[in-house]
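Presented sequentially are two complexes of subunit A, the first with subunit B as partner and the second with subunit C.
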Partner chain A sequence: MTTKLRYERPIIKKLESNMPNKFGMRTEFEPVTHIDNVSVNSLIEDFGSPVFVLSERKIRKTFNQARQAFETRYPRVQFAWSYKTNYLSAVCNVFHQEGSWAEVVSGFEYDKAIKNGVDGSKIIFNGPDKTEEDLRKAITNNSLIHIDHLDELYLLQDIARSTRQRPKVAIRVNMDTGIYPMWDRFGFNYENGQAWDALNKIMFSGQMDLVGLHTHIGTFMLSPNAYAVAASKLANLAQRVQQKYNHEISYIDMGGGFASRNTLKGSYLPGIDTNPHIDDFAEAITSALINSEYRPKTPPLLILETGRALIDEAGYLLGSVIANKRLSDGRRSTILDIGVNLLFTSFWYNHKVTPAQEFTSYTEDTVLYGPLCMNIDVIRESISLPLLNKGDKVVVHHVGAYNMTQWMQFITLRPKVVMIDLDSKPHVIRENESLNSLQDFEKIPQHLANFEL
Partner chain B sequence: MIDRLQNIFPFFWQGLRNSYTQIFFSNHKILGFLLIFVTLFDLNAGISGLIAVSVTNTAAYLMGLNRQQIIHGLYGFNSLLVGLGLGLYFQPGWSYLIILIFASLLTLLVTVSLAGVLGKYGLPYLSLPFLAGIWIVMLSTREITHLDISERGIYTLNEMYVLGGMPMLRIYDWFDHLNWAEPIKIYFRSLGAIFFQYHLFAGLVIAFGILLWSRLAWLLSVIGFVAAYLFYQVVGANINELGYTYIGFNYILTAIAIGGFFVVPSVYSILWVILSIPLLAFISISGNTILAPLQLSVLSLPFNIVVIMFLYVFKLRERFYDKPGLVYVQQFNPEKNLYSSLVNRSRLAHLEKIEMKLPFWGFWKVTQGINGHHTHKESWRHAWDFEMTDGEGKTYRNQGDRLEDYYCFGKPVVAAANGYVTEIVDTIEDNEIGDMNLNFNWGNTVVISHATGLFSQSSHLKLGSVLVKKGQYIQKGQQIASCGNSGRSPYPHLHFQFQTASEIGSHTLDYPFAAYLSRDPQINFHSSDQPLLDQLVSNNIIDDQLDKALHFIPGQEIRFKVEDSDEEIVWIVETDIYNKSYLLCTETQSKAWFNRLPDMFYFTHFEGNRKSFLYDFYLAAYQIITGAHKGLVIEDQITLSEFPVKWMRFTQDFLAPFVQFLHVKYKTEYVQAGNTIGAGTIELQSETSFLVSSRLVEKKQYGIVFSEGKLSRFTIIKKHNKLVLTRE
Partner chain C sequence: MKIKNNIAVSDNGFIFNPASGESFSANPVGLEMLNLLRKGKEAEEVIREIETKYQVDSSTLERDLNDFIEMLKQYHLTVIDDE
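Presenting the complex of A and B:
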């Protein structure tokens, strides 16, 4: 029996007869039909379109690679899961099962970590906005509080004095690591002496336990060397504290910001080929610490708060083609049911998008639009894809980081999130929203309850 | 002077009593009283014995000899035997008393001198001083006319009457007419003969005392005696010698010494006991023949010669150390010695070893172990190859055709322990994958000297990666180089070995790592062990809080409040003159002896009240490691001496050298871990199970919580309720 061949619309393509460039005729359309042995079609059938899919296997694998990269280069290493990157409880718990602590930046995230069962002493509390209530809670739970500004330091001092508790604190340090832009809005500056000043204030207050030093030099960093500079500057601060106060810092927190495999907009080459590997960051940081002059009795614990590099690759967004269209300038455009309200990161990345079914080798440059009735709803400005028909399925790759926390309910509702476990069994880890999810929060004043049209 | 005497008075009775029990290598209280009682059957001899011991112990004290030795009766027991022997032979009187006192002093001097001579060879002097003492005095007193030979042996019944009146006489008479088999009678008489009491009743009392002290010692005494009896029968030696000269005690004492006191009791030790019987017989018979013209008896000479020779030979062994093994920590009880050795063989294997760490950070896989398939053979068999693997067990990423693809390539290699760098090679090219450099087998190498005759060698290092200099002193855990692919190395890996000399590629040494973790995938802890092929191993990471909480400082007071009551418990950290530390319960004076290593805290033994909370803590914290890994389970064996059901333990004692059907198992689980940098809560759940074969008899459960850098709560979980001790 012969199967009916798929219909593909005809295309006219300019013959490019010049020298093949060194990247060959590469396209991105190699179909991805299965994720962890579960077919994309069945996932969409069972959970709707669009749908976020996370691979538990991939998360654990990436995490273990990262841990190995650091643990084999430095004697004491600890990861802390950056909640803001993806705080779905199932995701957090995979990391906690693997031994990650929690790194939170707001009272709500803090409560979520506690609710997930993380011991208070394993929560790192970052961020510029911690309320007095948040701080009291964190102090009682022995959490590690990373001070962002002097006002917070004074507030902590007041609380410590009135409650006779000793907060466990670190300061966040910002510094020039030779990269642009320099993140100087968080923490205390190294070069102008603010950081040293803050450390002295803490040590002189005698009311807090200075346990660590923290920095977070930027995001989606493409230069491992910047981390080496940062690590040596922190080690230098630790050494000065040891010299002046005979006090050993328990940990050095290098933050996160390691690049994932995504391609930043404006990049000439794909990120998967050019972005530094986690091993490169590990090598830079650990060598800098080992080679530093800081020689305490026990080496300080090295804490890493990397989020994106651990989860991005494990996330997929599956969707369907709504329609094809020819634009006024002749370009082909395809409308998907995936909008920027769900795929927030499409503002930063040229996401890899692949079809979920086999195609012939013919491709066409296409603009990928989302379903929103807004001009900004563009997923990819230009991508070479095979000839998609209405109803065809696509997979957007590397979407695990930030999308499931920064997504918006806007025009369309948020879809289901599914996690495929180690036995290739999908689990819904977040239900899709319904009209009620919105309406339940709304209140209508009596005089607006009724109208006649 | 009186002050000084009062000073030793508390120890006087102990020293006296132990001088009696020491003859059986015991320090059992009841046995001591029974023995004193038995010697008094012959009033004169008994009092002579008491005088001899008192004189000796007092003299030893005034001379300033070691007080512990006096308390343990090690100086007194030979004089006691001399006193008993003389007391039996001579009539009491002033001249006798003077002779007795000086005979005791002579024996003390001989004891101390012999201890010096034999001590150098690590051998005991046993009752040699007694032989010297009594023979010298016997031979010399023949010239002293003021001494009268005792006639009491002739009118035994009169003596008995004086001692205990008619009832005593009846008992004595009844025993004398017992219709027991001859060998049994001889056995008991032989036991009595050790204290110069040649009758059944004394033997029975002594046998009872021995049984109370140690079932195993009693069993050994029977084995020794039966073997001797059978030997005499088989070879047709004069059986009367056993019966009438009471030389049989030589077999009994030898059996206890070789079978269970100096040697860990086992089938092998019993085998040696049986083998020693004919030797004892030869020496007794020949000895008596030689001494007959001098009118002296061999007494305990055969026992002394045979035991000392055996122990000397055992010490010179180069192989089969545990067939049978020697007792190193003497607990004056054969079954305790056996049970401790069963437990401590692995528990205390680290003692007197330098603490070695794995030479890398993180988890690495053993890809060739000791006696490996490829190159770890013969004189180089005690070596390891380590590589790193990913979740799928692969050692490389991508195609694995470049050095950089291998996870271990370029990773830090660190020093296993402190030491001086003695050899460095750092100029050999790293091989292409699959290639080998057979000209420079070891490749780039660092050798470190840790102690005399103890070196560690790390090989196949990366070209130019060595960070240390020859002669430099380096610290444990300091990075020395990076893992590479030089020398006979087709794939990047780290070759590590302990060796006997500084030269690269010296013969390897069978040496353990002090502590490490393995992952399969749950975490296991290994102490003083060697990684096996395919194991994933890593150093233990010490938790700051546990490290601090388990650092008990001598003099420190640990106070607990018992919840829901006013009771307060105080433990004090103490150390003794041997630098051993213990927790002392102030209420019961119980002691729990512990040891602390960087990676481990453990109790070694317990003395005192088994109803005290300290005993519960001893069982609960029997072994704790200083790394807090949630889910980690540590299991260990506790000595069978702790088995709570007495009759079961007694039964086990008899069978101990052959089979152990009782078990005391310790298990602790880290149910909650802190944050490793000093905060959070660390919770352990411990249980001690007492089992008969595999059936549970009793289970004790405990909870230990560490927080704020100290042991903060100790919970004893009973069937229906909980006792909670909270730290104040």
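Presenting the complex of A and C:
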């Protein structure tokens, strides 16, 4: 009996004879069959589809590269893990084990950091919404409170006066760094003198310890030079405080916002080739600080709150093909079990998607849809992929940042999150949701309890 | 459904439509289906022939062949019924 040939579904592609692309066609049919030596198929078999997978090895490696980038250029560096980027406790604790403090932006995140075992004095409390209760707790725990607006400054003064405690504070400064959009909604403006005014108020009050200066100039920044401008402006403020009050600022917090390796929508070239490396940001920031006029006895501690650039590449979302369809204009569309409710970042990025099994070199231009019965559920508008079949597995790359915090339960339930440890052993770090996880929060009034149809 | 008889098809899957000047490429299964259709075979016969040669079930084949024929129509490689 003769062996039958391996089947691949038929395709016919029109050969375009217009201007060739000088950068070459980028196809993404290189299969990714394993993550940290664990097969994608076994992960889906054991933990379901879709499933988020985080690589502990990759997190630690990326963190250490970033640490090295800054520590080789500046004597005193401290990272603070940005909780909002990914606050699964297992993830936070990897960063805490590596020496990161915690950077939080809400009372709930603050409590989570305390619960994870972070000492209060190593929690940076940012954000415009800190309640009086939050502030009292943070003051008692000696946390670093970054003041966002004058109302918060006055509230802190009142608490300090009534409790006779001295809050440790910094102000958040917004400024023109030559980039658009300028984030002026958070903190006090540098150019119009608001920031200087706020610093004077703190120093005059005599009831708070001004320990730092903070800025966070934007998100997914592609210009390292903007950080150099920001660092110079903060150093200038520190120098003016030193001159006027003979008071040394003990840290300068440059925030985060460094681009990861993802490709922003509308970019011509892939982010992995064009986005600045962490070394570029480190060079810009540290050079600006070292070359500034601010010369205290001890160089200020340089704090970095980078989130995305440290976790994005360590996150993968594995899923399966539900169906293939042909659109009215002849384009191929493929429906995955991964929706935008899980992959929030697909609104910003052209995520890299690769198959998890071997294919021939034939590819098709495909639209990737999610499973939601909503028109907005598009994972990629156009991607060149091999001939995927129902049931085939795919890997979405660089999903570690924001998806596991901004995801939502909508039409489908949220899946498991698995972390692969340094010995290539997978651990569930967050269980999948069930109907009960939703129903438990609901209440039905008595008169709506029953009905007849 | 018939394939236009002036369509040129090479052994390695290169397809040329002299009427429009457009060219196309097909993978091996696509090429085989196209050649069977060019010989005037009906869909059922095409399915039967491919099934004996490849590791595939007939329902998958039927779905894929329909999709393939749809693409041939899209690319104006078929004769419109009333032509």
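Quick note on the criterion: the second predicted complex is superposed on the first by the 439 of 453 C-alpha atoms of A that agree within 3 Å, B and C clash if a C-alpha of one lies under 4 Å from a C-alpha of the other, contacts with A are read in each partner's own complex, and residues count from 1 in each chain.
The criterion applied here is as follows: a contact is a pair of C-beta atoms (placed from the backbone, for glycine too) under 8 Å apart; a residue touches a chain by one contact, two chains touch by 3 or more.
Being a predicted model, the structure only gives us computed values, none of them experimental.
J.: After lining up the shared chain so the two structures overlap, which partner does A:Y251 touch, if you call subunit B first and subunit C second: first, second, both or neither?
T.: Only subunit B is touched by A:Y251; subunit C is not.
J.: According to the stated criteria, A:S89 is in contact with first (subunit B), second (subunit C), both, or neither; which is it?
T.: neither
J.: So in the superposed three-chain picture, is A:T360 touching just subunit B, just subunit C, both, or none of them (first/second/both/neither)?
T.: second
J.: Have a look at where A:R326 lands relative to subunit B and subunit C in the superposition and call it first, second, both or neither.
T.: Only subunit C; A:R326 stays clear of subunit B.
J.: With both complexes superposed on chain A, which partner does A:K61 reach: first (subunit B), second (subunit C), both or neither?
T.: first
J.: Pick one for A:K14: touches subunit B only (first), subunit C only (second), both, or neither.
T.: The second partner, subunit C, only.
J.: In this superposition, which partner touches a larger number of subunit A residues, subunit B or subunit C?
T.: B
J.: Answer with first, second, both or neither: which of subunit B and subunit C does A:L5 touch in the superposed model?
T.: second
J.: Residues of subunit A that sit at the subunit B interface in one complex and at the subunit C interface in the other, please.
T.: Looking at subunit A, the two contact sets are disjoint.
J.: So in the complex, the part of subunit C that touches subunit A is made up of which residues?
T.: Going by the criterion above, the answer is residues 15, 22-30, 32-34, 52-56, 60, 64-65, 67-68, 70-72, 74-75, 77.
J.: Any idea which subunit B residues touch subunit A in the complex?
T.: Touching subunit A from subunit B are residues 360-364, 388, 390-391, 407-408, 410-412, 477, 479, 538-539, 541-542, 544, 672, 674-681.
J.: In the complex, go through subunit A and note every residue touching subunit B.
T.: Those residues of subunit A that touch subunit B are 60-61, 64-65, 68, 71-76, 78, 101, 119-122, 142, 144, 168, 211-212, 250-251, 283, 290, 298, 301.
J.: Enumerate the contact residues on subunit A facing subunit C in the complex.
T.: Within the complex, subunit A contacts subunit C at residues 4-15, 17, 324, 326, 330, 360, 362, 387.
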